[in-house]
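Structures follow.
Two complexes follow with subunit A in common, the first pairing it with subunit B and the second with subunit C.
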Partner chain A sequence: MSRLGILLRNHTWLVPLLLLAIAVGVNVYLQDNFFMQRVLNGNLRVMLPLMILAVGQAIVILAGGIDLSVGAMVSLVNTVFVTLISADSGGLELAGAMLVGVGVGALAGAVNGLCVAVLRLQPIVTTYATSFIFAGLALAILPRPGGSVPRDLTRFYRDYILEVPVAAYGIALLIILWLLLRRTRFGHHLYAVGGNDEAARASGVRVGLVRFGSYVATGVFSALAAIALTMSIGSGNARIGDDMTLSSIVAVVLGGTRLAGGRGGAIGAVIGVAILSIIRNIISFAGIPSWYQTLVDALIILAALAGPGLVYLIRRQRNDGN
Partner chain B sequence: MSRIRLIILSLTLGLLSFGVAQSYTIGVSNNFVGSEWRTLMVQGIEETAAQIEEEMGIEIDLIFENATVDVQGQIQQIQNLLNRGVDAIIINPGDVQALDIALEEAVDEGVVVIAVDQAIGAEGVYNVVIDQKEWGRQNAQWLADALGGEGDIIIIEGGVGAPANEDRMEGVEEVLAQYPDINVVGRESGNWDQATGQRVASDMLASIPNIDGILTQDGMAQGILNALLAAQPEPFPIMTGEAYAGYLRLWDQARQQHPGFESVAVVNPPGIGASGLRVAIELLEGGQVDESQLTGPYGNSLIVPIPYNITSDELDEFLEEYADAPDTQAMDGQITQEQAASFMQ
Partner chain C sequence: MTAINRVRRVIVSPTVIALLLSVVLFLIGGVIQPDFLNAAQALNIVRLAAFLGIIAAGQTLVIISGGEGIDLSAGAVVTLGAILTFMIGAGQDSNIPLALAAVLGAGLLVGVVNGLGIIFLRIPPLVMTLGMTGVIQGTILAMTQGAIPGRTPPGLAGFINGRFLGLPGVIYLWLALGIIMWLLLERTPYGKQLFAVGVNRRTARLSGVNVPLVVIATYALSGMLAAFGGFVLLGFTQRVFLDLGGSYLFPSIAAVVVGGTVLAGGRGSYTGTMAGALVLTMVESLLRAMRLHEAYQMITFGVILVLLLSIYGRQRRNQ
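Let's look at the complex of A and B:
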């Protein structure tokens, strides 16, 4: 394998990063105020919740699973969080509510983990089913959209620290969190289980436990995504996460993670979300007629998904020719 | 000499006043493209903008953000419109509260924001909506009257938890409370989706005997009537319908098979978007909203009247008018510029 090949194999996020650079280039060309502090902040804080969710999705996919209930978990934690707080909650109360929210996410993830790792149910079907349980619970907790969040909390989310948007710190923290997790034994085992679970088991990895853990981790990240989302929108809605599940999976794949597991990483997923979001800006600023916006959006995403695969295919054919 | 100067002066002035025809950039944010209703709403805004340009001699530059997006996606739509320097935003909000912060930011920048179809409570935003509760009330009242105040009915409602559905059902319940002899023997959600409505109705028809009436909403009525025509229950219930060409044709078919079949179609106008545009223009032209006309859950709604209802008496007339229209064509209506002006002080 060529050196480039090895580089790309070890850093699956390089190709997505290139795609992102192209997307940003086009965006900047179309939107001259792209680098204005306010515009950057607007973009980043829209991206952050889905980025957190995509990291969660990446973890479970790396371990060879998939989680179709992440959006419902976001809705559930969002409703729990806003129900526990009010417009004039203090810091301690907010921290408490966040902890409860993370606990609920972990618990929901544990339900998924039990079904998949212990009862050996199919991940797709299981998490599809539990998504209705979580969504139903969310609807029972908050039947009508509403609830209020302290203004200070939503203001903080939109604020700057040392001229840098708070959301940028959030993204940095997210990446650090992932890098730390990856270095742990659990992190290594995620790849082992997703790559070849029989081999992993033979070398002493407790496959069931790792699988279980991957779903719990996804639940926790879903909860964190819900908290970021709540800070962004300042309210609760039992269906708020509905559309985020598929986006999170698309982002993971865009980010170079193999759906079968074992290869890829969460940084790619973070980049994937950024790409998806920038594509939307491009469509907006390119002045594409309203009736074609959805079509063009989908075509660009498809091209971005297919691009790396095509390059690989062409290279392989050329090698075969030699 | 002085006369020539005068002519030149008046020509210059004339040119100036002609040249500075008011020009507005107006952004439209639509978060859902999966329904004909929304398509008609967006089309209505486009057509009405052209009309207003002609009527008022102003220029309108429309920017559309038209895609199926989640709430963060719609926030991004709003931000992009702001970054493009719009004077006004017409938005069909995908959430009652989640967009408030983003829209209040727009208002702070001096942008006129009009929410259509769905009322929201963001500060400085005006809603241009129909009274959904009244919409539900009119449907329920028709059904109660048509049933003579007694009978077993089933309810197939829209998206549970969605404000429009809750408001409509509130109106329905108010009416039904006055009719103790009308029994609700089943209630489920068809999620404003024809296929879901059809499936839910089929299941209910199979499990509940002797249904006299069905109360439902637009978006599902064709599916439900299809289920009725397939199941052919005895007695054949009457039902509330929807103001779409396809429904009117099915209604006609049902009426020919069952002379006792009756229905009603209360219009929920997609032209609400165009009505919102007209109100936005009034505000951009310096109008101030007449506060005494503001109502609604947040006290910032301007209520546009429900255009009309179609009953059995008018059916033939409408069947003829919409004979060539596709099934998905909705009956529509919008306010005039004078009506929009009447909302101002």
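Let's look at the complex of A and C:
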């Protein structure tokens, strides 16, 4: 394998990063105030919750699973969090509510983990089934959209620290958190289990436990995504996460993570979310008639998903020719 | 195989379990809500299950084909089929053949694109069909621009909902599809090759099966069957909206799995899917009859689905 090939194999996020750079270039060309502090902050604020969620999805996909319940977990934690606080909650109360929210996420993830790792049910259908349980619980907790969040909390989310948007710190923290997690034994085992579970088992990895852990981690990240989302929109809605599940999967794949597991990483997923979001920006600034926007968006995403395959196809044909 | 083994295999087959389960659920429904237990209700549930069952037919084939096969575009294709029938049908029975041709053509096109992407670009089926879902939805939006002109041909609605010898037309249609699917899977070279491809692509290829062709044909069939499902569904709803088919997507996958078709591929049957569709529809009807709040209906549905999956949705244990 060429040196470039090895580099790309070890850093699966390099190609997505290139895609992102191109997308940002086009965006800047169409929207000249893109790098203005206020505009940048607006974009990052919208991206952060889905980025956190996509990191969670990446973890479970790396370990060879998939989680279709992440959106429902976001809705559940959003309703729990909003119900526990009020417009004039103090700092301690907020921290407590966040802790409970993360606990609920971990518990929901544990239910998924139990079904997939212990009962050995098939991940796609099982997490679809549990998504009904979580979404139903969210609806039971908050039948009608509403609830309020202290003004200071939403203001903080929109604010700057040393001229840098708070959301940017959020993204930096997210990446640091992932880098730390990857260096742990659990992090190594995620790759081992996703790459080849039999080999992992043979070399002493407790495969079931790692799989279980990957679902719990995804639940925790879904809860963190829900908290960021709540800070962003300032209210509760039992259906808020509905559309986020499939986007999170697309982002993970765009980020260069193999759906079969074992290769890729959460940084790619973060980049994937940025790509998705920038594509949407470009479309709205390119003056495309609104009825065609969804189609153009979908075609670009499909092309991006097909990209690596096209390269593979061309390379194979060239090899056949020789 | 001895006769006893064969009998035992039929009795514990997922199809029979699912069928028995529907009957048990129906009886439980009668205990909870005495007015639930009558022939009209039973017939209504079978009728509703027919729509899910027809939509899940293509999904069954795709899942049997293995290679992590799944068709997430089925929901959008159902919507597309219904909208095309609505627009081209335009309330005229004479337009039905043309509408049906357009519906099948559109489904075929989507399925072939899915198959080509999966085989030649090596895009995982889940991702490819998810990507196509967006493209189909975008196409529908661009095509209709928010206003969908048209009307359901009365003849279609009349056939789907009308009674013939006491049964709604859609039930005959479902039974006919069931027979066709059985013949397709059990009595044609395609069926044999499909199972071979599902069990192991490499051995299938070595024994002379044209694997790419079989896989592409399977996604093409799935697209056509989903689009046909939309055509049939329009006869029932007689109106269209953008997420008409979306709500059938995951239930169709669940029906396939509850019916004993293994997500890993290579094993399964359409009769199982039919029974699976019946069980899921029975559960939904039962929950609705109990007049629970929507939230508790969802929770209960989720719990029951997990229970059903733990009966036969289990993965083969690693050796």
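One rule holds for everything that comes next: the second predicted complex is superposed on the first by the 316 of 322 C-alpha atoms of A that agree within 3 Å, B and C clash if a C-alpha of one lies under 4 Å from a C-alpha of the other, contacts with A are read in each partner's own complex, and residues count from 1 in each chain.
One rule holds for everything that comes next: a contact is a pair of C-beta atoms (placed from the backbone, for glycine too) under 8 Å apart; a residue touches a chain by one contact, two chains touch by 3 or more.
This structure is a prediction, so every number in the text was calculated from the model and none was measured.
Of the two partner chains, neither subunit B nor subunit C is touched by A:I175.
Contacts of A:P143 after superposition on the shared chain: both subunit B and subunit C are touched. Once the two complexes are overlaid on the shared chain, A:S277 sits against subunit B while remaining clear of subunit C.
Of the two partner chains placed around the shared chain by superposition, subunit B and subunit C are both touched by A:D297.
Look at A:L14: by the touch rule set out above, it reaches neither subunit B nor subunit C. When the shared chain is aligned, subunit C comes close enough to touch A:Y128, but subunit B does not. By the touch criterion defined above, A:L259 lies against subunit C but remains apart from subunit B after alignment on the C-alpha atoms of chain A.
After overlaying the two complexes on the shared chain, residue contacts for A:L246 are found with subunit C alone; subunit B is out of touch. Within subunit A, the residues touched by subunit B in the first complex and by subunit C in the second are 139, 143, 238, 291, 293-294, 297. On the subunit A side of its complex with subunit C, the touching residues are 66, 68, 115, 119-122, 124-126, 128-140, 143, 197-198, 201, 207, 238, 246, 249-250, 253, 259-260, 291-299, 301-302, 305-306, 309-310, 312-313. Of all residues in subunit A, those touching subunit B in their complex are 31, 33, 39, 42-43, 46, 49-50, 139, 143-147, 154, 158, 229, 232-240, 242-244, 247, 277, 280-281, 283-285, 287, 289-291, 293-294, 297.
Here subunit B touches subunit A in the complex through residues 28, 30, 33, 42, 63-73, 75-77, 79-80, 83-84, 95-101, 160-161, 163, 166, going by the rule given at the top. Touching subunit A in their complex are the following residues of subunit C: 68, 70, 117, 120-124, 126-128, 130-135, 137-139, 141-142, 145-146, 250, 253-254, 257, 263, 293-303, 305-306, 309-310, 313-315, 317-318.
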